[in-house]
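Across the two complexes that follow, chain A remains constant while its partner is chain B and subsequently chain C.
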Partner chain A sequence: MTALTPVLPEAPQGGTPAKGPTTAARKSQRFANGKRGLEPWLYLAPAFIVLIALLGYPIFQLINVSLYDYRQAQVSGKAPLNFVGLENYQKLFADPQFWTVLGNTVVFATACVVFTLLVGSSLAVLATRLRPWVRSMLFVVSLGAWATPAVTGSAVWLFLFEPTLGLVNKSLVAIGLTQFEGYSWTYDKWSAFGLVASEVVWCSFPFVLVTVYAGIQAIPTEVIEAARIDGASMPRIARSIMLPMLRPIVIVVTIQSIIWNFKIFSQIYIMTNGGGIAGQNLVLNVYGYQQAFAASLYGLGSALGVIMTALLMVITLVYLRILKRTGEAL
Partner chain B sequence: MKLARSAAAIAIAALALTACAPPTSNNAASSSDEQTGTVRVWLFSEVNQDPKSAVVKEAVTEFEAAHSGAKIDVQYIPVDSRAERFKAAFNDPSSAPDVAEFGNTDLASYVASGGLADVTEDIKSWDEAKDLDQKILDTTEIDGKNYGVPWFVGVRALYYRTDLLQQLGLEVPKTLDEVETVARAVRAANPDLLGISVGGAAQFSAMPYLWANGGEIATKEGDTFVAGLDSKESREGVAAYTRLLKDDICPAQTCAEFGGNASVQQFIAGKSAMTIGGDFNYKAVAASAIKDKFAVVPVPGKTAGSIAPAFAGGNNLGVFNSSERRTLAADFVKLLASKKYQQKMFDSMGNLPTFSDVQKSVAENNKQVEPFINTLGAGTKFVPVTENWSTIDAQGVFTGMYQKVVTGKADVNAATTEAATAMNTAFGAK
Partner chain C sequence: MTAVDVSSVSRRTATTDAPQKLRKQGKRRFGADAAAIIIALIVAFPLFWMVLSALKPKTALDAGDAAPYTLEPSLDSFGRVLGVNNFGQYFLNSVIVALVVVVLSTILAFLAAVALTRYNFKMRTKLLIIILVSQMVPVEALTIPLFFLLRNAGEAIPLVGLNQLGSLVLVHVGFSIPFAIWMLRGFVAAVPLEVEEAARLDGASSFRFVRSILFPLVAPGVVACSVFSFISTWNDFLFAKTFIISAQENQTLPMALLTFFKPDQNDWGAIMAGSVIMTIPVLIFFVSVQRKLVSGLAGAVKG
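== the complex of A and B ==
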């Protein structure tokens, strides 16, 4: 076992050179030639310019707008533009609906992330043990789900779960579960969330499947073989060899899932008709749309956008931090 | 070093924030009033577009013949994306039309955006204006000024199945209470049918119940509106409507999510004994499998013989504030909204006219519109004419109130109090 450890962190990162010596070399070079200080920035400039134009400016405007009382009347110049500072944020924090929506979002997104990862990873493991043609079938089918646009997927799921004519209810009634006759899946808050979550998992697990499968394939067979010769059991190999080697991939997939699932819009908007009965299925993104665009409260909507951005950054940072503390460097 | 750099970055960001406010556009009224050139017109596109285009074309030909050097350019825009279109036009006056058709519930928010021109004087000096239905004209008025000319109106009435009522020996309901008892009786005898298909999100079906019970959505007090949903009368109206969304009439499981269209669809599909539908739904019902088995009466009020006040929906024609051909634009509005062309629009599209005398004459010659015209004649009501109503509407405050009651999340008192508070907050936003 011990003989293997030096190989582990590097292997999946695809040829990243060992860190120690290069950094030291770079440092000494930099000290030798003072003018080099600007050069890296010059190389980075194109990327920076694109980032600032496409990311920096919109975020700046988002924060900017969130500090104003900015509605349609102000945009079209009918009413004076007033700087209100943090008033939009105060309004949100004082509104019980905001906290309900935030709670909904956290529970809903967490469930989506957990189930997407579970389904995707289990299928990835399964895929490594299937015969090639079965595996190809699995990939084609799941790529089909992945390729389906969110709008189409949502509409199809709604058809399947239609109360009276949908395939699901008809099948359930056919096998004797008569209480599902005319059962509306979108009536109850959590059954509606469950329905949407299942659609979200359905259309996002293929990404996890493909990525994790590629990760498993990238683990050199010698490593596994060596472990086996050393007498490690299969669960032990999975826990002590495969999982650590898959770590970077799992991290990326998890962060992607968190970000995607916190930002779910189309599925909720379509499947619960804009937020469900009396707004019971609102999540932050749909709530933000409702406030900013439907109700033309651009300032308030922007504040929601800022909160959401900040929240996602914090979640991602905390997640990375926890991982860093529990394991080796990324 | 690092600290200094981030401090500098924060300072720059703070400076930038205070230095540049978010973008605004100037939407002041245009000073020029040219008598020639092209007048751009936005009208809504329809599912069945041809008859509308034909009438409009006729009006355009007549207008261009009477105004030499003037041209009319008509564009048909989809109703669904109207909000984005109109907002874009207000933000960039150079891409705005001169004349537009718009829904009367949108008027107040358009006026608040400074997009619509005051046409009070044009209406005053127009000889046909005296015959305009006053209740309908009121829906275009803000602070004593009119911002549009009513082009057509839409009201809802009670559709019922003649065969089902006859089979059970039931009389056509003459009061709102009887609507409830008849609906319950039909469902008791036919458990597969909805007694009356109404919806938790069908706000315009719910409003007659509110108003017939003496309730109000909001009343104007001084400069602002005050919600009236928590009054005793309003609560009775809310309670009466939500009693329909129970298992013995229209189960909440099925009906809580219905909007107006969905509830009419149930009736068309033969799955309900009654519904509250609009004059604009008549054609679809008359073309369905139940075409020989239904009739329409006005939604009854509290007492026999009375009619519940209906919501006066409909579309207006208005002039854009930024128009550089204001006189021509107003002239075209007056032509297209004239008695002559409203009659033509009725003949081709079935749109109910907004002139009292034209309403009477079409009702005499077309029996099927009589219940709707009678509903109009009994007096209609409208949502609060303020830009805050579109915020309230978008936030689902009004429909959410009904949905909370029918799903058992709140009782009538709690739901109405909560909705009234939310509305007052929105009304207070200036």
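== the complex of A and C ==
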């Protein structure tokens, strides 16, 4: 919602407009086919069979492994499996590094989410007011950024910010900022996070741009015209018609950004070379991967995976609860 | 900070050119256009630098040449990338896997989205939450259980076992579906109920309505989702690295690229050339999608 503030220029505050049809009415209208027995399940079945096999079962195994002392010896079958209950979790909670990593993750991901939504939706609104060729240009370059693989996008940004060969430092020195000669952007913890976050925003805002723009375009022109004929001002149209109709899309975009940015892996892994100097740039996902594959502590790594899933669930449920309070059904 | 500039510009134009939009927009739009062009240049710059660095000769790159042009473009870097054994095969494998994943995951997700938005049944909300939660699991953590799962599956059905492209297809379909369902919901729900009632009155069966009316109407959303599946599959290297162990002929493109990443002596020219090669198919996909997006939306509104 905050993301869409640009759509809402100072609207006249008097005479609170009804927010579209009331929620209850809308809800009952949403379904043509009340209860139709098996029909929805036929549509659901193919997707859910795949999901149960390829997500449900592995997730079950992930939780399972997190309860064992599972190391290289157990993988190759040389040592017996040892059920340790919650010991892996206790170890983590007692480790100060875990709490630092958790803090890093929250700060880094939140910054990425906020900037991605802000940039993406501002540009989506801007895109509706552009000449066609300018809009096409904006879309093509954005899609180019989106299309760039995480691996190669990270490489390009690293190359641009390279201490001695990089264009950024060379330009900064050229305009007189000599302290940037040979300056390493990845040496300091927060400048490293900032660099990674810039790359992340660069390659993820196009998703928000395209989706919100498609949502704005999907609003039937008849509806807008009807409102205009009835004498509604443009701000009023934006607030009372466009925003309610965009809401499902804004919800999707926000939740997705949260999920993706909390799970950032490749960018951190490549740009900070596996988590930065002395692990200063570790986020939960990379930390879990390092524990599992670098240290062969599969049990501990799985426990981190479970914790991360739980964390994302809590954040998303809180978000959905807030939405519910404002009257939007899932 | 770009975001702030943009919103202020769009805010101004939003308020001012509202009433006689058509007559006034010529002049008023100029500010928005200028801002958009500057933003586009900033966004495009890393890509421009990627292409430029791919074309610069190796000596210039190693010397730290910062010129925004090159007087002696060379294709040496591309030569080094294409010289990797089986590069064509890797490329083809990536295309096959990505296309199969796009088609399968889009069909499955669309059908599921129909069930979850146009029917009201007991488990509906619970299923939506399950789908949401399933996206939150970090895929990196699932590599181990999936490895064992596919090893066992391969004994029953060789096509989807380890070292087979089928294993990559399966895994990526699984990871693409939840997001695709989640995103298609908004588009499927946006089709007015009246359309469905009209189809029903005209005697269309439920499946006929979904196939011939609903699907064309939500095509823009479907296309947007298929782009996502395509990209995530195309870019993946973790699963390719983990599941394709011995069958080199079934390896995918990102793995070929990774051979140029070396601890201290990155071959920047080859990395950039490889990136260019990897980005082109996705861009082509996007350009065709954009056209569909526009016509699909126009069709949905006018039809």
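Methods note: the second predicted complex is superposed on the first by the 256 of 330 C-alpha atoms of A that agree within 3 Å, B and C clash if a C-alpha of one lies under 4 Å from a C-alpha of the other, contacts with A are read in each partner's own complex, and residues count from 1 in each chain.
The definition used in the following text is that a contact is a pair of C-beta atoms (placed from the backbone, for glycine too) under 8 Å apart; a residue touches a chain by one contact, two chains touch by 3 or more.
The shown structure was predicted, so the numbers you read here are calculated from the model rather than taken from an experiment.
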item: Chain B versus chain C as contact partner of A:Leu297, first or second or both or neither; value: first
item: Touching partner for A:Phe93 - first (chain B), second (chain C), both, neither; value: neither
item: Touching partner for A:Asn285 - first (chain B), second (chain C), both, neither; value: second
item: Which superposed partner A:Phe83 touches (first chain B, second chain C, both, neither); value: first
item: Partner chain in contact with A:Ser184 - chain B first, chain C second, else both or neither; value: first
item: Chain A residues touched - chain C or chain B, whichever exceeds; value: C
item: First (chain B), second (chain C), both or neither touched by A:Pro220; value: second
item: Partner chain in contact with A:Gln61 - chain B first, chain C second, else both or neither; value: both
item: Doubly contacted chain A residues - partners chain C and chain B; value: 61, 65
item: Contact set on chain A toward chain B in their complex; value: 60-61, 63-65, 67-68, 70, 72-79, 81, 83, 163, 182-184, 186-187, 273-275, 277-280, 290-291, 293-297
item: Chain A-touching residues of chain B, taken from the complex the two chains share; value: 13, 16-17, 20-28, 83, 87, 90-91, 109, 112-115, 200, 252-254, 256-257, 387, 390-391, 394-396, 399-401, 403-404, 407, 409
item: Contact set on chain C toward chain A in their complex; value: 2-3, 6-7, 9-11, 13-15, 17-19, 25, 29, 32-33, 35-37, 39-40, 43-44, 46-47, 49-50, 53, 61, 64, 66, 107-109, 111-112, 114-121, 124-125, 127-129, 131-142, 144-146, 148-149, 170-171, 173-175, 177-179, 181-183, 185-187, 189-190, 193, 196-197, 200, 206, 210, 220-221, 224, 228, 231, 234-235, 237, 254, 257-258, 261, 266, 268, 271-272, 274-275, 278-279, 282-283, 286-287, 290, 293-294, 297, 300-301
item: Interface residues, chain A side, partner chain C - complex; value: 5-7, 9-10, 29-36, 39-44, 46-48, 50-51, 53-59, 61-62, 65, 115, 118-119, 122-123, 125-127, 129-131, 134-135, 137-153, 155-157, 159-160, 164-165, 167, 170-171, 202, 207, 210-211, 214-215, 217-218, 220-222, 233-235, 238, 245, 248-249, 251-252, 255-256, 259, 262-263, 265, 284-285, 288-289, 292, 298, 301-302, 304-305, 308-309, 312-313, 316, 330
